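Input: a single structure, listed below in structure tokens.
Chain IDs A, B, C and D follow the sequence of writing; residue 1 opens each chain.
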Amino acid sequence: MSSMWGNIVKISIFGESHGNCVGVVIDGLEPGLKIDFEKLNLLLSRRKPGGKLTTPRKEDDEFQIMSGVKNGIVTGAPLSALTYNKNFNDKDYEELEKVARPSHSDYPAYIKFKGYNDLSGGGHFSARLTAPLVFAGGIAMQYLERKGIKVFSHIYSVGGIKDKPFESTETEKYYDILKDKTLKVLDDKAGADMLECIEKVQKEGDSVGGIVECAVTGLEVGIGNPIFGNLESVISSIIFAVPAVKGIEFGAGFSIADMKGSEANDLYIIKDGKIKTSSNNNGGILGGLSDGMPLILRTAFKPTPSIFKKQKSVDMVNLKESELLIKGRHDPCVALRGSVCIEAAVALAVYDSIRSL
Amino acid sequence: MSSMWGNIVKISIFGESHGNCVGVVIDGLEPGLKIDFEKLNLLLSRRKPGGKLTTPRKEDDEFQIMSGVKNGIVTGAPLSALTYNKNFNDKDYEELEKVARPSHSDYPAYIKFKGYNDLSGGGHFSARLTAPLVFAGGIAMQYLERKGIKVFSHIYSVGGIKDKPFESTETEKYYDILKDKTLKVLDDKAGADMLECIEKVQKEGDSVGGIVECAVTGLEVGIGNPIFGNLESVISSIIFAVPAVKGIEFGAGFSIADMKGSEANDLYIIKDGKIKTSSNNNGGILGGLSDGMPLILRTAFKPTPSIFKKQKSVDMVNLKESELLIKGRHDPCVALRGSVCIEAAVALAVYDSIRSL
Amino acid sequence: MSSMWGNIVKISIFGESHGNCVGVVIDGLEPGLKIDFEKLNLLLSRRKPGGKLTTPRKEDDEFQIMSGVKNGIVTGAPLSALTYNKNFNDKDYEELEKVARPSHSDYPAYIKFKGYNDLSGGGHFSARLTAPLVFAGGIAMQYLERKGIKVFSHIYSVGGIKDKPFESTETEKYYDILKDKTLKVLDDKAGADMLECIEKVQKEGDSVGGIVECAVTGLEVGIGNPIFGNLESVISSIIFAVPAVKGIEFGAGFSIADMKGSEANDLYIIKDGKIKTSSNNNGGILGGLSDGMPLILRTAFKPTPSIFKKQKSVDMVNLKESELLIKGRHDPCVALRGSVCIEAAVALAVYDSIRSL
Amino acid sequence: MSSMWGNIVKISIFGESHGNCVGVVIDGLEPGLKIDFEKLNLLLSRRKPGGKLTTPRKEDDEFQIMSGVKNGIVTGAPLSALTYNKNFNDKDYEELEKVARPSHSDYPAYIKFKGYNDLSGGGHFSARLTAPLVFAGGIAMQYLERKGIKVFSHIYSVGGIKDKPFESTETEKYYDILKDKTLKVLDDKAGADMLECIEKVQKEGDSVGGIVECAVTGLEVGIGNPIFGNLESVISSIIFAVPAVKGIEFGAGFSIADMKGSEANDLYIIKDGKIKTSSNNNGGILGGLSDGMPLILRTAFKPTPSIFKKQKSVDMVNLKESELLIKGRHDPCVALRGSVCIEAAVALAVYDSIRSL
């Protein structure tokens, strides 16, 4: 598996944080989509660092199309695109070459790749690699939109401060509400509190985690498969490619474990001539298949492991205890930028599942 | 994908709840393993219904080896095995053919398969299909044990009643503690409360959810891959094949979202000459790779959707509202039997990841 | 890969020559096909040994459906089927356990599987494993027939005696001509000569090779993919699963290497309002895609390696030269029974390519 | 499938003949290989057009490494590389947009991609796409060489003029003989005749086909798999990605069909303490596994379909008969440059098979 994913719509992600570029090949796209580049760049800009509360590293995420598009239209041949790396500072990582950054991939990657891997900025493990993921997901989203399917998300919590959750049976309305917001929250007061919390930890040289809630609306019934090709598996198989994600739950998720069947069961009703359910604790997925209700999931982001406090660690080359102080530029809360990555990953999973019917 | 899974160790699961049999083909096993059938059957018996608090349907889970084993030893050719279905009662399902059982796959499966699917007992969507999964996982476990890797789990919660969590840095000790227990809990008092809770909901004709916590110890450092082949994705891609699972989290999981980086980061130390971490909030996985700490994950099971209360539903063939009363035999808490399924799924994911290096 | 194959329609083949059974799981079939079992068994009977010029081993190729079919109709869940092994004589192989049979898999399989593989009758390498392939291919053929696509073949040559080749632009007519023939040849005189040749080598305790020519008619234009998903690759990737095949060629095949471009090029014409070509040296495939002309291919079968003459060989366990005299029952010309295997393999490749669009 | 291939070592090929670039991502390489770029470029130069008897289009096949290499050493992250397209002349194709070039992909590609595909120079179907294949194969070859495995080929025939075939039991000696030759033939007289033949057809505005014979020496015993993962299938699955290939045969290939078993069988002997065979009609592959003998295969190349004679064709947009005269620059015999593509493809197939053990 490694850095390729997909069944019919396959993607191959390449590049390193401080290497030449990061990029993606998307294989299996249907020909004929006129790509809305403005929309795509808007999506990419949500991932791009540089905001007040994101890393000041200016990543120029303008992707160059290398193949698969002619006159702005997808040809059906593999679509490849890349963006060159600029504005990074390898000096920030010089001292780190030997001392593993806590809660980063440095140490296991050093063992796996026998010391040959590119450690600067995390190399191929860097969150920079979500740029090609968002690019590919943005293309998938445009395909989905042609079918009336919308993928969107909000910041459900930051450091314990919670936004209002999606109302799970009538979810599509949030698309318009969230569309133009810079900070994707339903409750602006909660959003302000989140920002305050982030600023505070940032000043302390610390970071904080968060939860992203994502919805897919407009899905027809029966997408997915039994057993391994179930929608939850397919979505999870790509979601954890977003660094810092440590959990995923669908519908009522972990809280469903505390319920009784009579509370948890989503009862069928007929609404506007269609079969719907009166609640949506299953998050739109039954038996691994879409059931016609909004698909709802939440993912937990750990706090950015790169903090600006002295931390104990080990010199993994010489096998001795050490300390390190991380430099460079790092978001205090990756969940903020993570939301667009989740949307992209979910869009790819849903689009591939639809194409694999 | 559908009902096949794996990279080097591939499995193909087939069968229906009330069909001829359920079975599995396992392709890519290393030749030479002498299968410990007693151990394997012990594992299968944990999944097998029939206990006081599980469905009284007597599933004879004695698998017949159909190929790939000679004189009790794995040959390296595809290992196939199946167990015939007996002791089921199709009459229990006759009335259900048209009225979709809430929170089951009936309705989306009916749409996906255009009405041709076998609905009895859920057909190919049935939890009965976890029998071949546990069989295959049991084989994987025996391979892992040869490498000193142990996979085990406990019932972390039932209906809100919590067992003690695994201590996440020193986890291997629980293997022996749990090995011979019928009810896999660390705190027997909590276990007794869980059973009481289950009995209570059972009497009410209801069901209850639960959480299973699973650990893998003895993993070497560097198993897994960056981006899509990461251990979390590979594990999730098979875990959701276990029916009723609605969430998965690794290490501190969703609670990590509320932490600061300075709390969440697992600091490196040297212990007995090896690089370890002083905490294990990442659950043994960094950058998608095993980091030498115990791999810890939790999965949320929804309450069994088959309850014995009259429920509102719809006749999906004639598109009109209806009611149904489920008959048959169903566990009041699938999480109990689910724990061995989680172990099996995790063992397969870990074994395939090791083989794919 | 090993013993699983396919993109959307995936098959998993299991079993050994002298084991319990041989069987197959077919995953990804569209629901709703009413299987014509008579037709399927007729196809299987073409592969079945027992004829005058085939091995006298009576293989009962009556497959039992284990899952995926309800009331004779494909449900969409994995279709699994198997046939038990009977009428084999392990004593025939006892002496062979150590001495590798020339031109069989014995020696490399012994090394690959470290001596753990089942050698009797070739184990998982046996031509007996084409029974599940033909079963699966027969299902694929019935799907193709619903789309007006026919797959058929004839014995193009045996021991140098040649049948008339397919006329490659108007090929569909041969379907009816060949349908009811026991010996699939266009020129019955050539067929009689082939049989005479085979009888002669059989009396000598020898065997002889042959070539099978196969056609697919009714294919729409544009099936297949550029680069690796091309039709020739997909077909070849399954054809060599038929034991004894040592070569495959499409259209004019190897003879095209001697042509000039002006001879080889298939010029476009318009015929009955459709784009066709005036010749078909490319065998219906251009750039890896079907071009609307009959798909034509030929495969070379080596002579059955099991001959009844004393042969030099080596004791692979004790690494010393030896001799062996093969017993048992073996076809003098596997190409005869091979033709239906080629049809089955081609049908699967074409059906999967159509499903993967 | 489409433009991705491989099991453990996966490649993703992208680009178009007259687009921005052509390139490749190689996923699953072992870290630590110091790439010999001189050797790699030498290999690429064999594919590069520009020689007297190849197209005068000057393709600058200098690949830029985009990721996966640090200080000239493979890191283990996906290795991506591309080469920009220059020196093409789109005007040569303007007239062709509607009139399908005979024996090219134009017409079926137009149908498959609904007219959205890039037709210039064949777009993604162009032989230009073999540049990234040779790049990837060159990397694979360097890995194989570290294991003592050599992959090499010669031009076995051109327009019916035949070189001496490889002596199939003692084949490694040809590696040194061929290494420094510009025209890869064993018999220089035959080589001179081939060149004369090619010059003659070139003057006529015509082209000619050819056969490439390829060998792999130094393979250990037991590489490959039974059934679908057999070496012949794996090799074929990538060989037909080389445009113009219409057939492949292993060992004695099609001529084995005319043999008796007693002639065809490769008898085992012990030689220098190792098990070998006295002949090699099976081309080093038995039961899909390497048997310790040289792996030998031949592939048939059709004559370049682009000839400079007026040809009948059809206007595929307006569905009427037409004529066309191809301009541009095209090899009179693609087999010459094809030989290095075959080596590259075979090297990838063998390397992936070794890695997938």
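Keep this in mind: a residue touches a chain if its C-beta (ideal position, glycine included) is under 8 Å from a C-beta of that chain, and two chains touch if they have at least 3 such contacts.
Predicted model, so just to flag it, every value in this text is computed and none were measured.
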Using C-alpha centroids, which chain lies at the maximum separation from chain C? A
Of A-D and A-C, the pair with more C-beta contacts is A-D
Intercentroid distance (Cα basis), chain D paired with chain C, Å: 26
Here the gap between chain A and chain D, centre to centre from mean Cα coordinates and rounded to Å, is 39
Euclidean distance of C-alpha centroids - chain A vs chain C, Å: 46
Multi-partner residues of chain B (at least 2 other chains): 2-4, 13, 77, 112-113, 124, 226, 356
Pick one for the touching-chains graph, please: line, ring, star, complete, other. complete
Please name which positions on chain C make contact with chain D in the complex. 1-5, 7, 13, 100, 102-105, 107-109, 111-113, 122, 124-125, 129, 157, 159-160, 201, 204, 206-211, 221-230, 232-234, 236-241, 243, 245-254, 256-270, 273, 275, 277-278, 281-283, 286-292, 298, 300-307, 309, 311-314, 316, 319-321, 335, 356
Listed in rising order, chain A residues that touch chain C in their complex are 8, 77, 226, 356
For a test of understanding, state which residues of chain C touch chain B in their complex under the given definition. 2-4, 10, 12-16, 19-23, 25, 27-28, 31-32, 64-68, 70, 73-80, 82, 112-114, 116-118, 123-124
